Every structure is written in C-alpha cells, then in structure tokens.
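I've put the structures underneath this note.
Next, two complexes with subunit A in common: one pairs it with subunit B, the other with subunit C.
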Partner chain A sequence: MLSISSIFRGRAARQTASQDDAYYTAGQFALIKARFMKKTAGLVAGFVLLLMLLMGLFAPFFSPVDPGIDGADESYRRGAPQAVYFWDQNGFSWRPFTYTYVKDQPKTDFAALLQGGGGLAALDKLTSSGALNASSQNKYTVHEDQRRYLQFFVRGWEYSILSIDTLGIDIRWDRHLVGVEQGMIHLMGTDEDGKDVFSRTLHAIWVTISIAIVALIVKLFSSLLVGGVSGYFGGRVDAVLMSITEAVRVIPPIPIYLACAVALAQIDLTPTQRYFAIAVVIGALDFATLGRRLRTHILVERTQDYVLAAQLSGASHMRVIWRHLVPSFGSYIIVDTLINFPYVILAETSLSFLGLGLTEPVNSLGVLLQKAQDPDIQQNMVWQFFPVAVFVALVMAFVFVGDALRDAADPYSERNK
Partner chain B sequence: MINFFSETWLLWLLLLTGGSLFWASRNSQYFHYVFNRFLMALVALLSVSIIVFSLMEVLPGDCAEKWIAYKSTQGEMITQADIDAERARMGLDQPLPVRWGEWVTGLTLKGDLGFSCSKRQSVNLALGDRFWLSFMFCIAGLVLAYVIAVPFGILSAYVLNKPWVDHNPQHGSLKRLLNTLGLGLAKISDVMLRIVSYLGLALPNFLLALTIILLYVFAGEPTPTGLFSDEWRSEPWFNESGFQWGKLNDFLGHIWLPIFVIGWAATALQLQTVRALVVDESSKLYVDAARARGVDGLSLWAKYPVRHSISPLFNSVGFDFQRVFNDLPIVALVIGLTDAAALLIEALAMTNDQELAAAILFLVALVVISMNFITDIVLAAVDPRVRKSVMGG
Partner chain C sequence: MMALNPMTPLLDIQDLTIDFRTDEGLVRAVNNVNLKLHAGEVMGLVGESGSGKSATAKAIMRLHPGNALIRQPSRIQLHNGKQPVNVLGLSGRNLRMVRGGLVSMIFQEPMASFAPAIPIGEQIVETICIHLGHDRKEARRIGIELFERVGIPLPEKRFDQYVFELSGGMRQRAMIATALATRPKLLIADEPTTALDVTIQAQVLELMMELREQMGMSILFITHDLGVIGKVADNVSVMRQGKVVEAGAADRVLYQPQHSYTRRLLDALPHIHSLPQPPAQTPAPIVSIDNLSIDYQLAGSGRKGESFSAVRDISLDLPQGQIIGLVGESGSGKTSLGKAILGATPMSQGQVRFHTEAPFTLKAGAKIKRRQVASVAQMVFQDPYSSLNPRLTVRDIIAEPLEAMGLTGSRQETDARVIEVAKRCHLNVDHLRRFPHAFSGGQRQRISIARALICNPQFLVADESVAALDVSIQAEILGLLKELKREYGLTILFISHDLSVIANLCDHVVVMKHGELVEQGSVRKIFTAPEQAYTRRLISAIPLLDQARLDAQVKQQVRA
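Right, the complex of A and B next:
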C-alpha cells in the first residue's frame, strides 16, 4: 500500500519535474498560448472573432449581392429582410427557399394631378392620402406560392480575391456562397438605394478592421519611437519627451482626432487616401500610454549586461533599441496592441458617426452606424440596425479575446490559481 | 492701482501660492514635494497650451477671413487688401509663437481665454456657465460610475475563485446553506454585472443615447433631449411664489440621460479596473500572511487588499475625468445639449473657431492636471507607502 502510493507519488513528482522543465524552458509565446487555451470565454470569443474576420476578409464570396451601387436592386428599394425557410404549409424542402417579394410600385398618378386642374388642392389631397409618406413606400407583398430556392456556390458578379497592383497580380472569381434562382436575396433587407444591407455589412467589417490595423501599426511605431528613444537615452531627452507625453495624455483624444479630420476634409483626397490618413492620425496621436510603459521597461533593461555587450561590440543606438531592447518586450507589445483593437474601432466609428471619417459610398461600420441617427430609418427601416448588432458583437468578441490575452500574458497570473 | 491688480490677478494668485509653498518647503519635506508637484503642474499646463494652440492651427481659415466673409454677406465689396488689413488689425499676421505668447500672457495674467471669432465675443463670455455644466455632467457621471463600480468590482474580485457551493465541513448545515445562497447571489450578480460592463465597453455612447431616445419615440413619450422641456425653458428659477420646484423636476427629468449614458461606459471600464486591482492585491503575500494570522472573511478583505487598491483608484480620478469628457461631445450632439462639449464640437467641426476650441480643450486639461495634483498631494499626505516612495522615508 505504502509502496504503491510512493510509486505513484514518485511518478507524479517525475511528471511535474518534466512539466516544470517544459514550463521553465518554454518561450514567452508558448506560455501565453498555453494559458490562453485554458480560458473558455476567450476561446469562444476568439472563434467568433475568427469567423467574423474570415467573413469580412472574403466578404465578396460570402455576400450574395454586390454591395455597391451596381448591385442595387432597383425594384426592391427600402425592402424588408427576406426570410429563409425549410418548410411551410406547402411542404418541406431540403433545399432552403425564400418567397418572392414584390415591392408595390407607387401608383402616384401625376398625370391625374395635372388633369384635375392641378393646383394646391389636388396636391394636398395627394399628400393627405398617404401615398407619399415613408411607411406606404415600405409596403411589399409576399407571394408565398412562388418559392425561390437558394443555390450554393452560385455564379454571380465578378470580384477580385487578391489584388496587388504593384506586382500586377489580380486573381478574380465570380462564385458566391449563396444565391437564389431569380433576382437577388436580401437577407437583411435593402436601404433606400436598394443596396443589400447584409452584403454591405460584411464588406464594412474588413474596411473597419483594416483601418484599425493600420492605426495600430502606426501607433506601435510612434510609441516605440517615443518610448524607445526616451528610455534609452534617459536624462534630458527623457524629461522633454515625457513632459510632452504627459501633456498629450491629459488632452481628450476625440476632439483632437476631430480637428485633424476637419483639416483632412479640406485637402482634396480620394476616399482611399482619406481612409489611410484617418487611420494614421488615430494611430499617431495615441502613443502616450504604450510609450510610457515602453520607456519604463527600457529604463530598467538598458543597464543589463546584454545591452552593454551589444554596445561594446559596436552596435548603433538604433540597433540596440530595435534588435535588443524592444524584442525583450515583444509579447507585451503584441498583447497590448490586440487589447487596443476595440478602442481604435470605436474611435473610427465616432469620427464616421460625426460625418468626418469615411463617408457614404464607402462601406465602413461607422458609416453604416451613422444611418441609425436618421429618424426615417429608426421608424421605417429597423433592419438597417443589423450593422449595429454586428458592430457590438465584433467589439465584444475583441474585448473578450483581449481580456483573456491580458490574463494569459500576465506572468503573475499563475499565482492566482 | 486697483485697475493694475484686476488686470493681473491670476498671476499674483499663482505667485502667492508658489511663494507660500516654497516658504513652507524650506523646512518640511512634504511641502517640498508639494512645491515640486506645483511646478510640474505649471510646466505641464504650459506644454498643454503649446500643443493645443498649435494643433488648432490645422483648422482651416482664420478670424479675419471669417469676419470679412460675414461682412461680404452684408453686401460690402471685399478685396484681398481688406483681408490683409483686418488680419494685421487682429494680429493674425504675427508668427505662431508670438500669437501663442500673447494668448498665454493674457491667460496667466487675468485668466483671459482669448477671443472667439464665431461668437464675436471673448471666450470667457461665450463659455459662461457652459463649462461648469459640462464639468458637473462629467463629475456626476464619474460619481455614478464609482458608486456602482467600486462595490461590485470588489465583489467580483471576491467571488473570482470561489465555488458556487460552500463545502466547508467546519460550517454547520444551516450556515453552509446560507453561505451557498449568498455565494450564488454574489456570483449571479457578478456575472450579470460583467455582461453589462462588457456591453458598456462594446456599445458606443452615442448608440446607447440613440437607443434610449428611440425607446421614447416608440413609446410615444416626449424625448428627454436638451436640458429643459419647452414649457420650462424660458421660466426663471425663482418667481414671486419662490423657488420653482417644477423647473427643478423638469431639469432632473432631462439631466439623467446624459449622466446615465456617459456614466455607463465609465462604469464598465471602472468595474474592470477595480476588479483587476483588487485581484492583483489579493494574491500578494501580505494577504496570505494576514490569513495565516487568522484574519478572515470581510475584515480580511476590507483591511488588506481593498484598502490597498483604493489609492491607485483615487490616483486615476483625473484621467477618468478626461476619458468621460472625451465621450461627452458626441453624446451632447445626439442628445442636443448646449454645454461646453457641444460648443467644442461646434467650434471644431462647424465654425472652425480656433481659440474657442483651444480654450475648451485647455480647460479640460486644466481640470485633469489639477485633479492629478490634488490626488498626488492628498495621497502623499494620507498613504504612508506613497509618502515613503516620494520623499525617501
């Protein structure tokens, strides 16, 4: 009995010893990954996030309708969402289907208006009959006897999967995941131009994410520059740079972004340039927090032996900062960048919401959210709130993943268990 | 003489404060620290003024152009020479550092924030009480955030690694049942609050405000936008029959919306911060030591980790204020407020009024910096750990 338990204990001890070896020799990233894998909420959120990112990245494939004005459904403007069914009173079908939705064409007879002598009285009558108001424009009929079956991997409008102008690479494809036999399917309805809300939202995800990526890269560089230089040189450089950082930290950032966006609006830019300019502005002004942390870290690290060794072997200042000091802080920087994703997205949305970021023909989540302000949409086209739901889900997923990552990257979190 | 002092009162006030702090610092280490902090705050304010003033230069147009544009709408013929003359008269032809110098001099001498082009009056008059209104909004939002976030953040940290059921064999069965009920309640409220707080992080303020307004629209009620409803807007606070309680009632019926909206996001963030701070502290060795000495339950939590996490929380009040004010302009736009934040957005995006925008941003920075100054010196007086670290024993 005793011997068995001692054997067990011995094996257990040996096991923990080998685990300990693996633990102590594991790299920073392996540790973070192992800890992250234990967090259910973070994993689920990560899965959702990955799904959304993929759908955003391959938006043309997943969206059934061209989101631009070319794909606008002229005969189904301000149209309600078209539901997808597997069965109805006419029976069950393995292939999902939707009904035929027909928009009542406004039967406003302007000729009659003129014929009856015209004048304001006739116009008044027309207006009070309700033919012109928004809710009557929203009317549609569903022909339940006319099923339209969904098709998969359907041929549709052509789009480019991968396009690099400088290399002349442009891979084009025309297959889409979902389509219907006749006409188009509008899973989340259409807006006032007849553009498909679902497809627009899918395309918007990637635009918003790519702004955030550009902004975060710029932010990374500006904070590395400020924090690295300030921490490495110390002394007077440090004092000057840190007092600037401190001053920037106390000014609320959104008004500053606003001022820059107003300035950008004066310059004649194409939508793409504007888009990158906004991302650069958001990123470049956000160096205070990360910059300060980097500086503190480098102030501690710069007296270490490996830095002295690098300096003695003749490395330049920049090389010491970039190749020796910054990598020692690499995992923290990456995690911090990921955690900041939702905040950058929120900044872009706020700007677009004010009409100073991206503007209408571009599909970005901010642009789509801005529409929520419109009373017409609030009362008559509730389905245009779909981007709001997607936006909230996206930011939530980012927040959950960021939280789990922060916990996973914290070297002291092990002790809590 | 009186005229001279009324023109330079702020400078004397600053000098007097600095002088008395310096005098006190000669034989008190604490006041030496306070004096240093005071100087640092002044330097920070100066650099803020440089940044704000030069950033506002990116806004297009200048005062002279706007004034001339206004005149030309009145039917006057305008030439480039007129614009240049006007520019020279307003001192806008001077280089940026000179204009900044004048602005800062006016500011430090008598608290003069400059001249607002779009309002055609001094910024101090144009702002009036509006800044205080915004200030009170932010403070109320912050108070709301702290009142919710501090107790629930602590609770959340407390139940973090607790089981749902009390299995402690030392407890009697009744006590175990009660503990289980209490734990369940705490855990459920923790989960709910965390969901709410994640939503607060994910749902931008303006969307929240829009949603609430939308609910009012659907319910057919008048929306609580602005500060007063129409019937009370022009009524004075006091009339013949004394204080108008109806106006106060109406005011409170409108004011909760912006406070709630900006308070929610702040609560969400604060909840996470408090939780992280308390969790951090509760895993430290001194808590284990106290537990080993037999301190347990509520007194352990209140005396050790919670007490120690209060100081960093208190220290961040200034930056919390900045974060809350950051959200205020867009909320003000959605709700239709007429406070300084709305004025800021108007000055930035619509009228391009550089000095007004710079003045409002400077005032926000002033509040943040003075809050940081106050929390720093209070902490140094109260918290022995801070006192030791800043004064070397």
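Right, the complex of A and C next:
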C-alpha cells in the first residue's frame, strides 16, 4: 500500500529511484540542464562566464589595488604590467613573487635650462633630447634583487561586500585575495593617473553587467506586458498594441538616447544614476522585438488544447496565463535575455563612445574601451587594452552560453517523438 | 506492360533489418522482414505505429531518414522487366529512375505532400517531363487525362489550382494521379485513406482497384485498418514490433487468423450484427439542447453578416447514463456542437440546459458560468499530446480542476483524490510525479480522462478521443469509457468520424451533416435500419469484413 506522502514527497524514494525514473520525472529545467551538459563549447563558455561574473561581483576582494583615485600609485604612473614569478636566477620560491619596479625619473635638467640663461636654444635642446616624449615617461627599472612576495588574504583598503541603504545594512571587509608586503602590485600595469588597470577592469565588469541587467529587466517587463496582453486577448487589443509597437520600432534609437541624455542632464544625478536612468529608457523602448515574438508565441500556444482544457477546468484568466502559458515560454525568455546581454553591453559601450553614457572616472567597460582609443595608449600603454580582451571574452562567453542554452532549451519541442 | 515470369516476384524483400540511431542508442525498427510481391498483386501491410511498416516501405524507395542503418544482408530486389536490381545498392540517376519511375508512393496526408505555392498540375507536369521525356505541352495533356481518369471533375480547371483549393478527397485523387503519371509497376500507398472521411475513403479505394485493373500494377497497401485490407488486398502481412508475425492470403489471414495479435486487430472491427438491443425506455436526459446555432465570423471580415454557419438549429436530448455517438464527416459541425455544450464556443442562438442536481442553463449571448459547467461537465480531447501541459507533472495535470476551482481543503485531500481517480483510470500511481513526455499516447489519454473525472462530473464530451491512437490502444480506452459509464453512470457524448468505433461503443447515435441533424436513434437502429439516405450511404461505406464468414468462423471456433 502506498502512502500519499511516499508518492509525492518521497525524497528518499527519489534517491533510490531508477535512472529511467529520473528522466521521466525530470522537469523542464532538469531536461535543459541535461542537454546543456552535453555541449562542450557551452560548458566551457559557461565556466568562463561564471568565473568572470564572480570576479566582477566580488571585484573588491579579487582586486589587489583600490581602483579609485585613492588607490592610485603616484610613484608608478603609466607603469607596465608586473610579472609574477616562481623562480629566477636567484633561486626558486614556493611563494610567487614579483620585483620592485621603480619608475625612472625623467632626467630633465631644468637647472641647466635656467643656468644657460634660458632661451630657445636650451629649450630646443631639451625637447629634441626626447626627455619630454610620452614614451620616455614609461621607462622603469626592475630591481631583481628586491623581491616582493605575494601575500594572500591580505588586509587592504576597506570595502563593503553587501550594502543595502534602505535597510541600513552595510557589511564591510578589508581582506583581499592577493597583495604584496610593500607597495602595490599592478598585474596589468597602471594608467596615466597610476590607477591599477586590472582592478579597474574587474570593477568595470560588474558595473556594466548591472546596467545590462537593469535594461534587460525593464525590457522584459515591458515586452511581457505588451506581448502577453496582445497575444492572450488578441483581436482589437492586439491590433492597437501592435500598431503602437510598430510605431515605436521605426524611431531610430540614437536620437532617443540623445534626447534622454539632454533631458537627464537637467536633473542633478551622479554619472552612474544618470546611466541607470538611460538604461531604463533603453529597456522600456526596446520592447518591440521581444514583445512581438512573445505575442506570436502566445498566439500559437493559446490555441493548444491544454489551454482550453485549463479553461474548461474552471481556471481563471490569470491562472491560465501564469500557470500554463508563461512557463511555456519561460525557457525562451531566459535564452533570449542571455543572448541579448552582449547587445546591451555593446549599447552601453557605444553610448559611452558618444559621450552619453558613463565617463571617467567611473569604471565601466565602455569607459575603459573608449579610453583605449587614445593614440597615446595605443602607442605607449598597450596594457590598457586588457579591458578590451576581457570585454571580448565576456561577450563571447555570453554568446556561446546563449547559443548552447537555446539549443538545449525547450526539450518538449520534440514532443511527438 | 512487359511480360514477367509469373514466378518471379516484382518486389522481393529479403532479410530486411533496419536500426535507427537515437539518443537512447540503437533501436531496431525492422527485424528480418521478408516480403514477396508479384506483378498485379495487392499486398496489405498491417500494423500499428512503430511496427516498422512505414520504415519498410520507405526503404524500398530509399527514403529512410539519415539516422537509419540498413544491416547486412538485407536485400530489396526490384524486377524492372529485364534483370533484378538491388535497390539498396543504387545511387544517383539509377536511384531516381526507381523513385517515381518504377515505384511510386502516395502518402497519408495529401495536403503536406504537395508544394503549397505551385499549382498542382505544374507538379505533375514536372514529374512527367523528367521521367517520360515529353515536352511541357504533351505532359500537360497527359496530366489532364490522368486527372480525368482518377475522377476529378473539371480536370482542366483543377489542373491549374493550388492544393488548398481542393477538398481532401480531390487532393488524394490528385496525389494518385501524380503517382500514376510515370506508369509505375509498383505503387506504395502509405495509409492513403486514413485521413479521409468514410464515404471518400470508399471512393478512393474503388478508384485504386480500378486503376490497378487497368494498368496492371502492384500495390503495397499500408494500413492499420483490417476492414480496408479485406476490401483491397490479395495477400496480407501483419507486422508487429518490426517483425512479420503473420503472412498469407488475405482470406486466410482475415478469416482464420493464427496469431493472437491478428485476432486482436480483428476484434477492434465493428460487429454490426451483434449490436445491443436498445433499452425499452430511454432514460431522462441530462443535457437538453434547444435550437442551438453556431456562427463563425469569417476571418478578415470586420463587418457583420459575413459568417459561416457551423451548426444550424439543433435540438437534442442526451439521455443520462448512455454513451451518445455524434457522427459526421469533417466539417459537419460536430466538434463545434460539443464545445458549445461546455461553453467553450459561443452560441449564436439557442440554449443548453443541464438537468443536474443544481440545474442551470447556458444561453446564447449570456456570460458563461465556467466553474458551474466545469464541476459537472468535462472534456477529453483528440490529441493526447497537445491536450496535456508538458510542463506540469501528471499529478498537477490531474489535480488542475480541483486546484483551479479551489474545491479541496488541503494538499493531502487533493493528492488522495488524484490517486483515487488515477486508479480508476488504470494509471500506475507510482508514475504521478512524472511528466507527460514519459507516457505513450494511450496512457496520456488516460491522464486526460482522469483530469476530466476528478471533480466527479456527470457528463463528458469526448472529441475524437481515440482517433490518434492505434487500434489495440483504442480498444483499451473504449473499454475504460464503457467501464466508467457502467460503474459511475457517466453520460458521454462521443464525437467521432469513425463509425466502427461508434458501433463498438455507443448506445445512441446522432448523425450530423453540414451543421444539421440528419438522424438519431439507438445504435442498432442507425446501423441496421437507417432511415435517411445520407446515413445509409455512411453505413454502407464502412469497410467491413464479410459478416457471414466471420460468423461461420466464430461457430467453428465454438465447435472446436
């Protein structure tokens, strides 16, 4: 005799159940997961993505140096990346170490300039000597005998892990994954202010992703509203909503962004708040494509017999929509959102390029990418291309995961097999 | 036609074995099948879905999908009049000459077999030009001649029409014309009449037999319907799970079946002469339909008046505790009527009265009291795949009416009800946590029935509920419905185009045509003494085995 609890809540029974049973009782997400696990490219990309997201989310912990102006290394401006070694000609060390890098002071003999009685000839001599060239400012000396050993979980500047202003929660910590005993370590060099490029990039990842998340959530909400209502009710409601959608669709986005930027400039906002406001606008106006797709999907799905069955079972409109229709395109929404992530990140970067988005000194991938366009950086500080590599990797990871997930999603599409 | 040694078979399939590569590994679809088909012979290939009959037929034309592996030492030998060729060894041009030249094929769904954006005639002209080498003008003449021959009225006009402009029967005729265009020696017909109404089916079968006489071709006729086989086939092979379980002359197999599986298939045919006597008194109705009409606004017409009348002025009493068969050809409005009774399709006129404990009436134009209807009347759908939400567990699907209407107090109570109903429908209660994808069509239909039964309705509408199922599964579901009627006094409105199912299941039959009620009466009366000409035509079109011989066979068995 079977007791009710053993059938529905038998966790123990579930564990002993056969493998077949695991397949048969597999829900939507379990099936998607099973298929996703078979896709190597997607898995690798997923791992990379997860790693980057984690590093972005806990950027202060993973960053060896404070990315703000407070953490700028004044003695190591425009400094090259500092390599990490385990051994050199002075011997092997279990603890990885780097050297003491000392910036060469430009040998500008201002005294001579003055002593010579000034004059253009002396100035000319100074400039033609190359001492004032940007490239000569990058010179540094490596003191190989002064090892700087890497320390783990070191104390550093204080940051907040979790802070919710409204609840008054602000958990602060000052440990960092790596650091050196004296001075700072610049794994990817520094910029012209002496700010650590590696730390800035890590912080930028999360800023960019959080903006993308805001834009996508707003977009999802507006798409669901328009597409869902349009598809479920159909008829005249559908005709009106779709006309509006088409009208919105034909307006090019850049003028809207420009208008928003001007309008928002009137309000006193911090750069980040301003950008979040623009993200909200982008998301709200971008409902056309996804909204239309959702509408089509619901139009197809609502003619399925199981929807009629639910209606004949006495289910209300809301119950039909939420319990039966929305889950049917849940996987679709997730996949679509994931595939759209890189586009939103691209939108952020292109807005920054136009000077509408975030600007220095905010850390965002768009800002860092825009900076990399500077000829000075291209010629003299190639290490500032590090954020470009991270950006490409991030976008690729999103694209690969999104692709794999799209293939893995909706296992029920083969329902007649 | 080329003279062929009568002893040499036209088609000789030897030890055909086909495996399919699937996610779950290799699946053997066809297992060591041997078939011989002589010139001018009609071979019936009988079996249910998954029996390998279509895989066998497709292998003859090398049309099997890419994941199929044909195992050694399979041979499919075709005799083209000169020397035999092994189809499995052909490629390129030689293969194309076999396809469409020596062998033609017609399919179950003619709509899907024609290109929708090219006129039908154009598609035939193309075939003729390629295989017979005529110019387009000559090909067109031949094509129109063929249209005439397969009985398409106004062949010149139809020739330039598109597939959607023709009715189902016309499409199948056009399909046959295309298949015959190249004068094939072998015609493979894969369930050619399954999607057709019974009267159209009779016409198409007759046409095929006529053409076979005239053109002397052989036909490999694939079907699950033994009645059809009895009408057309000389020899029969019965397939099951990839193997031929019984083969022989049609008379022998149909009237003296050896294999239990063949007998089971035969049992699913209607036994018209043993229909039950109607009860002396018709029970009181549980649902009364008064002057019901349903009009559909035609798509794209915003103005009033342009509408299509699906059901016209039907009045009907559905007697309590009976299974009422609602019969009609496609487009007769039977599904619209069934849905309107449940309030799922708006009526344009009339009313439906429910004589339940708390009587209520659905009126045209009035708001439907969905929950009131849902607690006494439920529906079982045709398609067991689309009618179950694939994202809910079976437990959740069955419990949906209870939960949607909040009828039970606690989860435990709901679970107890679900288990009770699942047992009643012979579902394994251990499997309630599974999702629908784990179940076969028949089991899914049981789930659908369980969902319909959970709030103890008194009335069920079953819309073509066994049409998508194999014959033996059909029998199980019909058995379940009968059991429910007997044990719980359920009234069932059973909508079907399949008269043999109706004859096996129903007490009372209602015949509809073009939205109007033609005739109603007890199942015995409708099948043995129909009053209306239309009903008579329907009944006589059912492909049946010779009743006298079947009776003799039963007597023989009794004696033995």
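Points to keep in mind about this one:
One rule holds for everything that comes next: the second predicted complex is superposed on the first by the 326 of 417 C-alpha atoms of A that agree within 3 Å, B and C clash if a C-alpha of one lies under 4 Å from a C-alpha of the other, contacts with A are read in each partner's own complex, and residues count from 1 in each chain.
Methods note: a residue touches a chain if its C-beta (ideal position, glycine included) is under 8 Å from a C-beta of that chain, and two chains touch if they have at least 3 such contacts.
In this text, all values refer to a predicted model and were calculated from it rather than measured experimentally.
Of the two partner chains, neither subunit B nor subunit C is touched by A:Q151.
When the two structures are aligned on the shared chain, A:S243 is found in touch with subunit B, with no touch to subunit C. Judged by the touch definition given at the top, the superposed model places A:Q266 against subunit B, while subunit C stays out of reach. Within the superposed three-chain model, A:G314 lies in touch with subunit C and out of touch with subunit B [touch as defined at top].
By the touch criterion defined above, A:S93 reaches neither subunit B nor subunit C. Set against each other, subunit B and subunit C touch different numbers of residues in subunit A, with B touching more. Touch criterion met: A:T349 reaches subunit B, while subunit C stays clear of it.
Comparing the two complexes, residues 412, 415-416 of subunit A contact subunit B in one case and subunit C in the other. The touching residues of subunit C, counted against subunit A in their complex, run 342, 344, 370-371, 373-375, 378-379, 381-383, 385-393, 395, 400-401, 404-405, 412, 415-416, 419, 429-435, 437-438, 448, 451.
Interface residues of subunit B, counted against subunit A in their complex, comprise 43-44, 47-48, 50-52, 55-56, 58-60, 160-161, 198-199, 201-204, 206-207, 210, 214, 217, 272, 279-280, 283, 318-319, 322-323, 325-327, 329-330, 333-334, 344-345, 348-349, 352, 357, 360-361, 364-365, 368-369, 372.
Within the complex, the subunit A residues that touch subunit C are 2, 4, 7-8, 21, 23-28, 304-306, 308-316, 319, 323-324, 327-328, 411-412, 415-416. For subunit A in complex with subunit B, the residues that touch the partner chain are 243-244, 246-256, 258-260, 262-263, 266, 342, 346, 349-350, 353-354, 356, 369, 372-373, 375, 378-379, 388, 392, 395-396, 399-400, 403, 412, 415-417.
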